[in-house]
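Each chain gets a letter, A, B, C, D, E, F, G and H, in the order it is written, and its residues are counted from 1.
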């Protein structure tokens, strides 16, 4: 069955977006990217080091990958906006993963600054994908000002704890039925990804769980399968749970 | 990578075992079986109805499927043993899913009677796969008397609640590193299956979650992917979780 | 042992703050308030009805109760500020539970508007206790501008789901060791209250769980005990959990 | 309100039964026992050491405490029965906490051997309180043969993990409405005790959580409160939870 | 002249003061607060506060809440 | 004579064999199994197995199960 | 003669009674219980119970437990 | 004159253009972006952009991130 994921005017077939950080080698990263089936990867914008020869990181990305630059490392709207503009200039892309964090220790998002930056960037024609905490009211504001999607966190970046507040995600989905919701950050294992998709997220963005797995490519395959599996529940329709048993085999008709 | 699942002297490539009950039609069942990639299906032993023409159920199973008859509907060791013998006679198979339940309402296993029946059946050369509650000590006894695997429940049959006691499964895996552990009953969605496999189950047996899904074949595909994904975590090696963040993008080097 | 809860320049001995809404009768409310041991109650500010004689609600509160008016029903900073000023004028109190919600369905807080209102109210000398979502970064901002405490929700108002995101509370506590954290909204049963206190909340504010219990006064007693019990864990120091057993009785020395 | 806990023909007012192991000193144990309000304590039966002067442990128990000897350290029915007989001879009590474990590492119960021992001890007139895994079918058998109560574990002895399988406890309570269910082992903090009681356990038996707390007496007080609080939910009647909010303050009537 | 009192339109005579308004609509004067065109009017000023046509008045009291 | 077949009482002529019984009640003989007084009777012995009054027979086949 | 007391071998004179054994090894006689070859010996019978070579005796008391 | 390039002070001759600056510090000119005093300078303008003493320049490229 055809199941297109529409985002920023583009059609994707994969609902897994993955990062490019923390890999042990470019080879491992490339293998993981290939295995993941992802069509979009995030990259960070960083000062060119003056002291040493900067090797060109972008050459190690698979061709045809949609590049999604992020504003990681920014602590206020102004820096995030400037970083987004630089990214656009260098890559000639309007896509931006907007990330404004509150502190170095938790990397938790500063929703207020994120909203402020989003207002500016949307006006400037960016396709804004904001990372933020799983807050329905903030999600609505981000969508109202024109963000292409909202990207609530599942858990702190790199924690691998999985969806910490399923109720928030469920409420967000039910209250924003037409929104594109991408769960970003905190996924640790495939079941976490499946749970997020079963809660009707439209896609998932992850980095650490794959990059720091013992075998990154194998974990990427696992995540690809889990995301697809979770998505299928949305399409197939799950049966409700019950506390009590429901026999699979006939209760009557056994020998006496 | 080659990942063989050895059970009862046979090599399987699929770690998903599925049931044949509750499907709305044979076509739907066949489609789901095909989609699941399963190589073994469970069937129930039942009295031939005298009043009407009994259609031959077995004709609707895919060829080459390993048939695993169960002793569903038995409330004591004696009935289970007799049922197993009848199944063996009719199908010329030594495989048996041993199921002795305690009552009609919960369908929870009677571990004590299950153990007693297992003792007899193992002596008679059956490949015994006992469904039982997630009890390490009982698991050890079942293995000591020669069961080919142990099949702890995740939750009540048909409840779809998923793994209710992860600690028990983890302990069982760690204490019985060489045992074949098949999680049987209670899986509701792909994430449940992934979780069970991430807890290092060797395989999963399910029926209701697939048979009663809105689209059984699609759910079967989802379960196939989830089981594979969970298995890969075991092979790929997950990174440990932490409460605090771990940056995916460089913390330093952002513009100032 | 003396365990004082300092808030807004006052010393409290009770760490349970309770509401006055939804009771079936004033008698039941009074009995519940008495049983709870609470020293502070929340009240709502509402238009005087023109059509009928307004009975004086405040007469039904126990004397010596610190009254904490709230700004429930406000959807933006401006209305919340005006409501707070009216409350201060009528009660001659500087205490205000600041509540700015995002919508009628979820009653989830609008953190951004809450922060804006808090800025104004703190400047005007109010003792501001803001209800907000469990967001560390927002908590820090609310404290930085001078709120007397932060009141993260456990779950949606009146849901009774209990602490939905323990990780967020734990992080908030660890990152804001000196802050006064009051868990507000979503507690359903005593164990929820105990969990919040074990996560080192300084106090808990609740209404529905008590007011809508079958026996409000008895539930109030239960909540009082649970809050105290959870608090004691913080003072007594809990032993860490482990997956494996640790014998309570000697392993050796049994008869052979 | 009067709330009597009837067990073994005795009336108790406390629903907390506590252990005597692992305390740092007799003084600390006595203080904890006093603080807990418990009316029954467990003790272990052990070989008298030949090498040294055995101090009389029993002298350190509060008078009027019902002493409940256990069969800890027994790995089969026979040893448990012999140990119970010795306890009865020495203490002239018919009370026995029956504990037959499967191994030294997990201390998980051997349900099968426990049942066998219980059969013998009930016939000999003991008041048998069996520790076993949270298995409904086994619970029914233990009650059918005449055990005074069943004592399912919450989690492994001394793990402090709390109730690992709430569904099992809920099912046990609903299916055995007249049974006396005492949750034994695995409670770590007051909220764990409250949860068990909210699941309608009749009482709770614990040792490690109190004995190994930083301040045993204070933790004992906390546990006493939590057990009472959880019990009150059963008596007060909790309101059901919901995913969505339910306003505590009027939605209408705010100023415009 | 016309006033908007708690969202409802009320007719009162010219030169009506806040105190008179309260009496007119038989509202309690105790433990309530009044806002005139979005600004609180302290109790001591109710007497001398004369209302103009179109004034928006909010009179609030307290009810059960959480 | 009377037999109990799958819990129901059936009348058959004396000297009836298992094979005849199956025909009589029009049961399929394929992929089924038969128990006579709680003991399985191998297929090859159905022919020569003559039933006695009061015999309890269970004839089972397979149905969907989990 | 040799006895096994709480798992350890002890030498005692012939005709030794349980009571004498307790004194010999200086065990308290209060709130303990004794098993002789897996059977409990009631306290009142300790005196008259004479031990034989190879007897297995368990003497237990109470300690802290959960 | 002195410039602040990526937070570090660099000495360059008067009238230095952005393009010259890149050559001077041997930076790649491909897939990078430049900000001069907090405003992006389009690539086509690097040549004609002459720097003044005290200018703050940020030159960024891309690295792995999530």
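Observations on the model:
We adopt the following convention: a contact is a pair of C-beta atoms (placed from the backbone, for glycine too) under 8 Å apart; a residue touches a chain by one contact, two chains touch by 3 or more.
As the structure is a computational prediction, the values presented were derived from the model and not from experiment.
Chains touching both chain A and chain E: C, D.
Annotation of chain D and chain E: jointly contacted by C, touch as defined at the top.
Relative to the C-alpha centre of chain A, the farthest chain centre belongs to G.
Just one of C-G, C-E or B-F has an interface built like that of D-E, with over half of its contact pairs in common by residue number: C-G.
The interface holding more C-beta pairs in contact, when C-G is weighed against C-E, is C-E.
Separation between the centroids of chain B and chain D, computed from CA atoms only, is 34 Å. Chain geometry summary: the mean Cα position of chain G and that of chain H are 94 Å apart.
Shared interface positions of chain B, i.e. residues touching 2 or more other chains, are given as 19, 21-22, 42, 44-47, 49, 70, 72, 82-83, 86, 105-106, 108, 156-159, 161, 167, 171, 207-208, 211, 243-244, 247-250, 253, 255-256. In chain E, 7, 35, 58, 60, 63-66 are the positions where the chain touches two or more neighbouring chains simultaneously.
Taken together, the chains touch in the following pairs: A-B, A-C, A-D, A-F, A-H, B-C, B-D, B-F, B-H, C-D, C-E, C-G, D-E, D-G. Of all the residues in chain A, the ones that touch chain C in their complex are 102-103, 105-106, 108-112, 115, 133, 135-138, 140-141, 155-156, 159, 161, 164-168, 171, 175. On the chain F side of its complex with chain B, the touching residues are 5-8, 10, 25-28, 30-35, 38, 40, 42-43, 58-66. Within the complex formed with chain H, the residues of chain B that make contact are 247-250, 253, 255-256.
Interface residues of chain B facing chain F in the complex, by the touch rule stated above, are 19-23, 29, 42-50, 53-54, 56-58, 69-70, 72, 82-83, 85-87, 89-91, 157-158, 185, 205-208, 211. Those residues of chain A lying in contact with chain D across their complex are 167, 170-171, 243-244.
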